[in-house]
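Each of the next two complexes has subunit A plus one more chain, namely subunit B in the first and subunit C in the second.
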Partner chain A sequence: MKRYTRLIALVGVLALAAAACGEEGAPPAADQGEEAQRGGTLLAGLESDVDAAFDPQKEYYSVTWGFYHCCLLRVLVTTPTTTAENGGDELQPDLATDLPEVSEDGLTYTFTIKDGVTFAPPYQDQEITAQSFINAMEREATPAVGAGYPFYYSVIEGFDEFGEGEADSISGMTAVDDKTLEITLTRPAGDFPFRMMMPAAAPIPDGAADGHNKDYGRFLISSGPYMFEGADQASAPPAEPFPGYEPGRSIVLVRNPSWDPDTDPLREAYLDRIEAQIGLTADDGALRVDSGDLHLMLDSVPPAQQIQQYQGDPERRDQLFSFGGDGTYYVSMNIAEPPFDDVQVRRAVNFALDRAGLLQIRGGPLFGDVADHAITDPLTGFLQEDYDPYPSPDGSGDIEAAQAEMAQSAYDTDGDGVCDDPVCENVVSVTDEADPYPDQSALISQNLEPLGLTLDVTTQERTTMYDSCNDPGAHVALCLGAGWFKDYSDATTFGEPLFGSAAIGPDSCCNYALVGAPPEVLEEHGYDVTEVPSVDADFQACDEMELGDERVQCWADFDRKVTEEVVPWVPISFFRDVFIIGDAVRGFDYDQFSGQPDLASTWLAGGGSA
Partner chain B sequence: MAQVASEPVVVEPTGPEAGGEPSKQVVGRSPSQLFWRRFRRDKFAVAGVFFIAFMIVLATVGAPLLSGVVGHDQNEVFVSEALDQIGLPIGPSGDFWFGADTAGRDLFVRVLYGARTSLTVAMVATGIALIIGVTLGLVAGFYRGKVDTFVSRLIDTVLSLPILLLALGLVAACSLSRTGCLGGLIRPGVLLVSYVIGLFSWPYIARIVRGQVLSLREKEFIEAARAQGAGDLRIIFREILPNVTAPIIVYTTLIIPANILFEAALSFLGIGVRPGQASWGKMLADAGGGIFTVAWWMMLFPGLFLFLTTLAFNLVGDGLRDALDPRTAR
Partner chain C sequence: MGRYLIRRSLFLVLVLLIVSFLTFLIFYKLPPGDPARIAAGRRTSPDIIQQARENLGLDKPWYVQYGRFAKGLVPWPGFFLNEQVYFSYNNFVPVKEQIFDRLPVTAVMAVGASVVWVLIGLPIGIMSAIKPRSVRDRAGMLFALFGVSAPVFWLGYVMLYIFWFQLDWFPGSTLPIDESLWESVLRGRFVLPWITLSLTFAAFYARMTRSNLIETMSEDYIRTARAKGLSERRVIFKHGLRAALTPVVTMFGLDLGILLGGAVITEQVFNLPGIGHYVIDALTTNDFPAVMGVTVFAALFIIVANLLVDVAYAFLDPRVRYT
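== the complex of A and B ==
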């Protein structure tokens, strides 16, 4: 799970919600009848800097991924920079001529690379070849680089060996010729093409990253429609960092003269220039957007007051946007810790919680959709949209159904639907100290009271909370403030890391519920329970499938099994991302992949001269 | 023979109010009578006493009673009633007299229960400070010498500590694990906060008491007691202690509001009371971060009660000091 500031920013209770879901995400009314215009400078604001100074192998952060995807880095295959509803989850060829050919055994992927595509200055003379992608993967494998997510590429034959210095090249990556890249895997991974769309897999010119293990981001050679300002003044290899990125101060992107729109049907790139000022507060940014000094904030949640104003003003309501991202907020139940070692209790909790109320505390429909299951709708191909195994009126909880489940539990000896075992008292629970989690925990406690469950809630700083939840030895029964967000548009990121026996802490992450924990692990951490349900075989089966309907169906079935049979979670809400934009901004769209505004399709009324 | 115990009669001419004509009549009054006469004349102090009494009644009996009247429990969440359709808390209304907080709880009921937290912490912490401060002050002042040096340096040391930082650290450290510190002796929650505050507020009392005792122990009545064969303990507790009660009372009333604010500060900074427990400082913290611009009531009511309560204690403290100290001109 990469870093999402917008989620870290405390949306919560400060937020207001759109009254009508229908209008959310619709293009601004002003678009109608207007022809998209090229030109202009987009003025954006950022609360904080990017994570790793634009190093494509290290950056594991939604804001940077947004810049890469729309503007700076092209990859072999990618998704269009738009919402899931508009196809933002579907892989398309980018630098490759087509989607890769997959061998019969699912182990070999062959990409054919487009002719005549060159890098941005100062490498405008170097064509993007198979070797350019090998350069990127070798860099991702190099320990000295400190890459962000090499685990996604361990599946490539020889990747780990190269990283450990046992080989001079990655044996599974072969440049058959300049335009043909063959990648061999050690085991089938149907989502592998998605892994090749992440920024770490973007091409690097020969020699461009040499000697820049720690700071290649400052010398980043673009392949997309934009590049850092000043790159065209540099020599190859550049001697000084490009002035277009001043850490902590500003990001300035200008058009990449090497970029040829004919080779890139995925990016419109209307803007001439993109300037982002770093270090604004959310309030300051909001004021500047109101006054027209800024077109939008990229990494902050609009303050409550601003949302209220735009919500209540018919003329400005179309400048308020809410897009469904791929994230689930949930309560994790430790399935090895009494009373949650009993599936009936876990089902009872699923019936009891007032999801709609919990979402209301977060900010209402503008900030999410009630989640009836674990994996987000886009990732399960919207097959699960109507799936609701724990139905209740308005999603506000069904206490009778909950008590009926509890009555079948071993912890309710007299069968009255109220737990009468002492383990139901002072259930060890932790949550995030930031809004809206403490408020939500008040409602959760109230919802669980009729089941005889009383919670002893400790609020902790976010990282501490995740550490507590992830440590089986801490015996946290309920992790109330958990959330999970995809890396790319395949449900595999909602599989093993959350429910796999290999993802149990404290050394691994993030199977807080201990699904599939082997007996020795349970014993080691002092659990009396010796056996818990496992879904390892289920997600492995899905993981191996090739991309396509069958694979999506497999994940949908997996989602059902997790939600209904294993029940380690109470899904609370699916994440929505909220933006307020200036009135000159047109064509505003959401990049489903990065969870950021799609700057490639954004344009400015009057070409930005207004 | 102790001064206070003997209630020596002070002769004071009655004022001109006694009849209009110059009166030759002289009325005898004891120090406690004098104190009451002086204290009663301070209208603000009397009002403070009434307000404190009112708050105590409100916190003990009033909170559950009024919570029953409005039909809202302090931790009860009213999502549909108290959060508007766009997720913001509603303002003061017939059902929610002080409005609601961001979790959809009744702010009125929580302010009342918050009084309970504030007063409990203030009382317990001040009690701890009193016990430590008076004991050490008496011992240091009475025995002087090495004991005094030790206690005085201890006072200096505690006073020189960055109290808020240290309290933050202590409370945070003891709140990390649910079993608390010192093998479960100190558990997270109101009592932990009280202990910590108490441990930092005793030096003020100790210093005052020590000073008073230093001068008292040279007085003739102490010599007389000693000549009669009284032991140290008897002299300390029967002769000296009664004579330092006045400053102790005054300083106690002045430390209480400081401790209320201390608790509020700790809660405001996010440590202190357990989640779910109402506390004025916590409520003020919840109202921060911009939410008060759209929900002013979340800031106003807890802030108002905090302000009035500390003000009341301060007024009473001032009144007591004026009334107990004959040198203060009124």
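== the complex of A and C ==
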């Protein structure tokens, strides 16, 4: 799960925008009929620096992934930098000539690499070959690098052995020739091509990362349409970090002279230069966009007042955008902890909660859609769009249906729809101390009272809250402030990490509900129940399927099983990203993969004055 | 004097050790979170956490961990904030590089603001003290009350809103990417931060100068000076002010030292990439080595400033002698 926490924290201040009605990301009126212009400098702002100084093996942050995807790093296969509705989830060849050939047993992937594509300066003479991708994977496996998500690549034969120093190379990666890369897996993983679109799989020139276990990001060799300013002044290997990235201060990207648009149909790259100032506050950034000093803020939620101004002004309304990202906010119920060890209670809670009210506290429809199920619609091919197993008028909760469910529970002995067992009193609950979670917790407490459930809510700093939720020994019954976002456009990232038995415990992530917890884990942590439902076999079956309709259907069925049969969550809302852009910005689009503005298709009217 | 300086230098090292050890305890050992768990990210595995622990040196006993940081406190090239230990847990950038990159911005802020507050605070204090309870005195102290009462974060935003956004008299916040620091200074980008930062200090200095000068002017030697027929101007500036300013100089040295360690709020409000901004980022991301580095660096400035002030005493006050 990429780090969206900074964005989440800021969403809370937006309750004032509750009356907002969502723009659906239509292009600004000014785009219509205008011909896209090349050139200009895009001036962007960032509240915070990127996560790991642009190191592609370490970065696990949406903003950095946005820069990589549009501008800096090409990969074997990728998705277009656009919305899911426009094909932003569909895998396309990038540096490969085509999608990979997959062997019948699903274990071998063969990629053919395009001819004549070279790296950016100072490695402009080095062509991208099969070895370039092996370099990246070897770096991902190297423990001293401290990579961000090597677990995605453990499935490659010999990946772990290389990391443990037991092998000199990754046995499952073979450069058949310069332009043919063969990758062998230890088990079928249908989403493997998606894993190869993540930044860690982007090619690295021979020798470029040597001696840079900690800081390769500052010497990052681009393969995309842009590169860090100053890269063309360096020698290979560069002696000093490129001046185009000053940690904590600025990011300056300029055109990569090696980039050939004929080999890259996925990126338009209209802009000549992209400058991002780091360290602005959301308020200051908003003032700067209003005054014309900036074209947009990349990582902050626009302040409520600014949103209201743009919504109320017909001339500026089309500069306000809201895009559906692939994230779900939810309440996690510990299915081993009474009274939530009873599925009827869990269903009752699903009926009872006022999802629309909870979304309103978050900022209203501009900031999300009411979630009726766990996995976001784009990841299940929009098959679940009308799926609503816990319907209620306007999404505001149905107490009668909730009480009917509760009446069937063992915790409601007189069948009146109200829990009469002491375990329903002072239910241990934790939530995030940042807005809007305390207010949401208050509403949830209020919603559950008619069911006889009273909550004992502790507010904690976000990391501490997740630690509490993640610790089975803490016996947290309700984790009220949870959220999850995809890593790439396949529902597998909503499978094992959230509902897998291997994802339980403080050193793992993030099965807070203890779905599929083995008996020994339950006993070790003092739970009375000895068995809980498991979905391990279900997501493993989906995982093994090749990409395609059957796989998507499998995940949709999984989503239904989780939502209706296992019921470890109350899905609250699906995340939406909100942006306000300056009036010179054209071609503005949303990169579904990274959840960031698509800077590859952005262009500036009139050459680019902000 | 030589022995005094050696003694004070040793004292400096001792204070740095105490400060660093307390920082180590507060930010590293006492918080419930495991830095390796945080560094490993939310989606992780026991192997990744263990690897992060080793990469960050967290698998060693606590005294070894502190020892590694303590070695970086020795103010000597190769030791001071050495890059093997003092690197950001977040982006792996050496802390020293970040501090030295940001120091010029903080120095411009601190020095500029200190000039402004001295130029505002001392004259107001002197004028108020010369004629206590006059209209001039009342106006001066009203200014002082406002300056002391106005919170910096509020004042900064008010300044920006009025003088940048509404009137467009001064540039807005932050330093443009393609502009050098000196160009920024010349284009007036520091004017609003200087005024914002200096106002509170100016108010304090005005009050302190006023009270010191009023007290000094009632001393016997001032009466003697007047009896000897010296002009009032000479009495005030030659005899009164010199004595009255001694505590002000002490304060000035310490305040400047503190600001050189980062004008946290002002840098934040005006988005200035100084040390204060850096430490806020470090605190919000639990970046311990950065917090430790800045804390020690700021402590060093304060201690050195204190030393310089003490030495300056000897020149300001002939009665002070060091042994």
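Just so we're on the same page, the second predicted complex is superposed on the first by the 593 of 610 C-alpha atoms of A that agree within 3 Å, B and C clash if a C-alpha of one lies under 4 Å from a C-alpha of the other, contacts with A are read in each partner's own complex, and residues count from 1 in each chain.
FYI, contacts are C-beta pairs under 8 Å (C-beta built on N, C-alpha and C of every residue); 3 or more make two chains touch, one makes a residue touch a chain.
Bear in mind the structure is a predicted one, so any value in this text is a computation, not a measurement.
In the superposition on chain A, A:205 makes contact with neither subunit B nor subunit C. After overlaying the two complexes on the shared chain, residue contacts for A:495 are found with neither subunit B nor subunit C.
Of the two partner chains, subunit C is the only one touched by A:249; subunit B is not.
Residue contacts after overlaying the shared chain place A:481 against neither subunit B nor subunit C.
In the superposed pair of complexes, A:311 makes contact with subunit B only, with no contact to subunit C. In the superposed model, A:436 lies in contact with subunit B only, and not with subunit C.
According to the touch criterion, the shared surface of subunit A, contacted by subunit B in one complex and subunit C in the other, consists of residues 283.
The touching residues of subunit A, when paired with subunit C in their complex, are 1, 3, 48-53, 55, 58, 60, 143-144, 146, 148-151, 214-215, 217-218, 246-250, 252, 275, 277-281, 283-284, 287-288, 291, 293, 463-464, 466-467, 497, 506-510.
Touching subunit B in their complex are the following residues of subunit A: 10, 12-17, 19, 283, 303-305, 308, 311, 354, 356-357, 360-364, 366-367, 396, 428, 431, 433, 435-436, 438-443, 445-446, 456-459. Only residues 75-77, 79-80, 83, 85-89, 101-105, 175, 178, 188, 270, 274-276, 289-291, 293-294 of subunit B touch subunit A when the two sit together in their complex. In the complex of the two chains, the subunit C residues touching subunit A come out as 32-33, 37-39, 41-46, 48-49, 51-52, 54-55, 87-88, 90-93, 98, 101-102, 157, 160, 165, 172-174, 176-178, 268-269, 271, 273, 277-278, 281, 286.
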